[in-house]
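Before any comments, here is the structure.
Order of writing sets the labels: A, B, C and D. Residues in every chain begin at 1.
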């Protein structure tokens, strides 16, 4: 009984240290984690893969530093998928804070491809293979405006170029030229693309979301409003798995590397809940004992 | 253990420690880091608002291309400044009314379509919905459970009658579905919060201290 | 006049927000697009600028009145002014006239973003993992049928999501997926209907001038 | 056209059944061209679309990959066009017959949006009907929310133990619906605690919310004839920073040791920090918010939780404010309409061949 008594009275800072170690150890001693791909991620991958060559992939980078570790691997995996399959990409954000991270992901993946590229044709050129449209407030302006004319919403792109001067944008007018729009967001942005843009213009929408809001998105996935769903770091690891196995593209997989820590941390959390509850019920029964 | 020499990575590392110090207790380092965050984040916000919104969409059409129409949005926008002049501070209600009006109008059809009509479509008991699960004959059972769950959850949030009799039963079933839904949210939230911590340790152990590559 | 005109405006623009869903005619669609791009966008930019100004006034006022933690308001204002100058005069890519690189030390707005905003923002939320751990340990109790159901479903998801789940039993991940696809969707859909109807009620009250709290102020 | 005949030896089959029509439900300026795949679709590169304007010769207007059977061509309104589609295989073209002439026109009403219009009218009418009923003072019944009994019990317990009550409204602003609902409940609790002189601590995270909360507590004490009870350092503004506010609330819980904690209003990730410390002090905890992501933590850490709409219903029940009651009654009828649509559509969907789902596209 003494052990349970002690275990259920641990000081908060000891709990923090236990969690810190549970997360750090698997990072220092990495173990290969096999990733099983579930249907929501497979559907998103296939939807992006099936984009015809006269349409583009639009990526809404709407994650900010708060959800960076879950979402950046998704953005990078999506960009690798698009550039490997020569699918043209238009990147944008509904908010200003995600811009810096969108630029970081775009720079990293274009760098990866241009280092491997052997000719002008198979390298990734700004304006031809991808454009970075940047941010325009308020969100309803791009949500509804891009159904009529993308260049009327983003007169200038992130770098300040006139968008109607970019070669790629000459054949991309509005949502009819978008194969699928994948919204990577730590909040409710994907729901807006469904409620406003899909309702008005019928554009296909996919979502990459933080695991916090996962349970609220499944209802829109079940109705088919979302063509696919990536949820949290696990969803990112699944997409990384598909990019590696389906496209034979081997690169650093940050989300998959973290799965060891994720496992250790989850087991630690479950242990805390169980110990806490055992201590609670033991105390409650002993208090009842005293009363009797 | 090759610790980095890039000054910016050291600044990031020290700011990370300032925030983590909140775990011990609220302290001046945490307050410094938090106020710096709000300051620099708003500096970033101001930069893009001016360079990528106001200049290309208001100042250059109005002053470079001389399109005088843009005087109108410019004037209405300036009404926001009236907030600081008490005698005419009511004028700030005009731009607010335009913004709130259009947004509130656009929300209604979007909500009716995405949150009501399409959600009803996904719940209706009909063969094509049964096959949508592509789980063979199980699909019928899944659709029926889903249907019952939606009906009972809705009955739990029904306030015009006491939860007695049939309504009592359905709302009891409803709360069970709600609790499973919250459990799912709880489980995924644990994954999300832990992932953020893993991301921070990937930075500290990687680029900063060089323990992992 | 001070109340009737804004309420009339909110009604007119409310209707103008609804109509475009039903009238695809190119003339009206272009008008609607122009209204958003040339009007709402500029108003929103002004509102942002005014919001930043009033934030600075609040902290300036805090310094003058020496309220609690006033010293840190200096940090906020200096952080805003320095990063604002670097951004406005240095340009988004450091392309304008203000030099943003001195002897190899670069400090353009994107570098400030990556090395100040990113670490602070992500660590702020990484704290939550620690709070989640101590809350799991000290507060999350199976005190009733409801909370036991909740914790049970949470365990299924927390284990089902891990690669480890496959080794326990190949059915576990698909069972976790089932919990998300059926009972979770049923519960959240029931809740969404309520929230959607509530949202429509609130929007109608605003457009029709029944709900006037946004006007603010007495007269 | 001559070189097609020369290539007759290994000619490929052109696409068949070419048809062109004005793209429906659009702003005009677009014609949809459709065709059946050429039987040699697998080996051709794709299809070229040729257009002739009022009998002039054909020119190339578009190209699309193989396996595709539809192309939307950008056109001028009210001009007659005819189309031909050619199967393209390394610079050899095999033309289909010409399509009937077609003109693109804008439509005034989008027929695809008919169900959306009907749905919007139904639900708006229901809600407006009840808001009018409420404004005309008609008596509207709402059941007592079970959460409110837990509130009475918590106040009673705090009074017995002679310890204060902590009322935390979260980090919402004054126009958030959850914060407005919390004001009503604060007023009710202030009246109850006033009767037994139990101290009520209300730390807020927004200056405007602070001013409104102070007025409400002052007013509640006045209505029960005890204006002297109001103590200005029990209702105060702490800070508007999310985590610093949570840390300050923890400090109050550990120092003042309130017997009951209320977390009612708009909460984000900081809800966890406060609910945890409160649970560890052994106080009765009652929560209420419409932020779905925070509800799981409140349910497991608190003794009772008002879930989403229950918070709105509780505030309407207490305040009896007609507009709140009207909205809730309207939403209730809206739920009945949704339930009946689900039932009727399912009956049709199960018993008949009618494609019921197309009605809800």
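Convention: a contact is a pair of C-beta atoms (placed from the backbone, for glycine too) under 8 Å apart; a residue touches a chain by one contact, two chains touch by 3 or more.
Just so it is clear, the structure is predicted and the values come from calculations on it, not from any experiment.
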Maximum centroid distance from subunit D, chain identifier (CA atoms): A
Leader among chain pairs (count of C-beta contacts): B-C
Interchain centroid distance [CA atoms averaged], subunit B/subunit D, Å: 12
Whole-Å separation of chain centres (CA-atom averages), subunit A against subunit B: 14
Distance between chain centroids, defined by C-alpha means - subunit B, subunit C (Å): 4
Residues of subunit A touching at least two other chains: 16, 19-20, 23, 66-69, 97, 100, 136-138, 140, 144, 158, 160, 199, 212, 214-216, 219, 222, 234, 262, 265-266, 269
Multi-partner residues of subunit B (each touching 2 or more other chains): 22-23, 31, 34, 41, 44-45, 48-49, 51-53, 57, 99, 102-103, 106, 108-109, 111-113, 115-116, 118-119, 121-123, 147, 150-151, 154, 157, 178-179, 181-186, 188-191, 193-194, 196-197, 199-200
Residue numbers of subunit C (touch at least two other chains): 18, 20-22, 29-30, 36-37, 40-41, 44-45, 48, 69, 92, 113-114, 117-122, 124-125, 127-130, 132, 134, 136, 138-142, 146-147, 150-151, 154-155, 158, 161, 180-181, 184-185, 188-189, 191-195, 197, 200, 204, 214
Overall pattern in which the protein chains touch one another (line/ring/star/complete/other): complete
Interface residues, subunit B side, partner subunit C - complex: 7-9, 11-13, 15-16, 19-20, 22-23, 28, 31-54, 57-58, 69-70, 72-74, 76-78, 80-81, 83, 89-90, 93-109, 111-112, 115-116, 119, 122-123, 133, 142, 145-154, 156-157, 174-191, 193-194, 196-197, 199-200, 203
Subunit A contact footprint on subunit C (complex, rising order): 20-21, 29-30, 32-33, 36-37, 40-41, 44-45, 48, 92-93, 95, 110, 113-114, 117-122, 124-125, 129-130, 132-134, 136-142, 151, 155, 158-159, 161-164, 166, 173, 177, 180-181, 184-185, 188-189, 192
Touch list for subunit B against partner subunit D, complex: 22, 25-26, 30-31, 34, 108-109, 112-113, 116-118, 120-121, 123-129, 147, 150-151, 154, 157-163, 178-179, 182-183, 185-186, 189
Residues on subunit A engaged by subunit C in the complex (per definition of touch): 10, 12, 15-16, 18-20, 23, 33-36, 38-39, 64-69, 97, 100-101, 103-104, 136-138, 140-141, 144-145, 148-149, 152-153, 158-160, 199-200, 214-216, 218-219, 222, 234, 259, 262-263, 265-266, 268-270, 272-273, 275-277, 280
Subunit D - residues contacting subunit C, complex: 25-29, 106-110, 113, 116-117, 120, 123-124, 127-128, 131, 135, 174-175, 177, 180, 239, 243, 269, 272-273, 275-276, 278-280, 290, 292, 296-297, 299-301, 303, 308-309, 312, 323, 327, 330-331, 334-335, 338
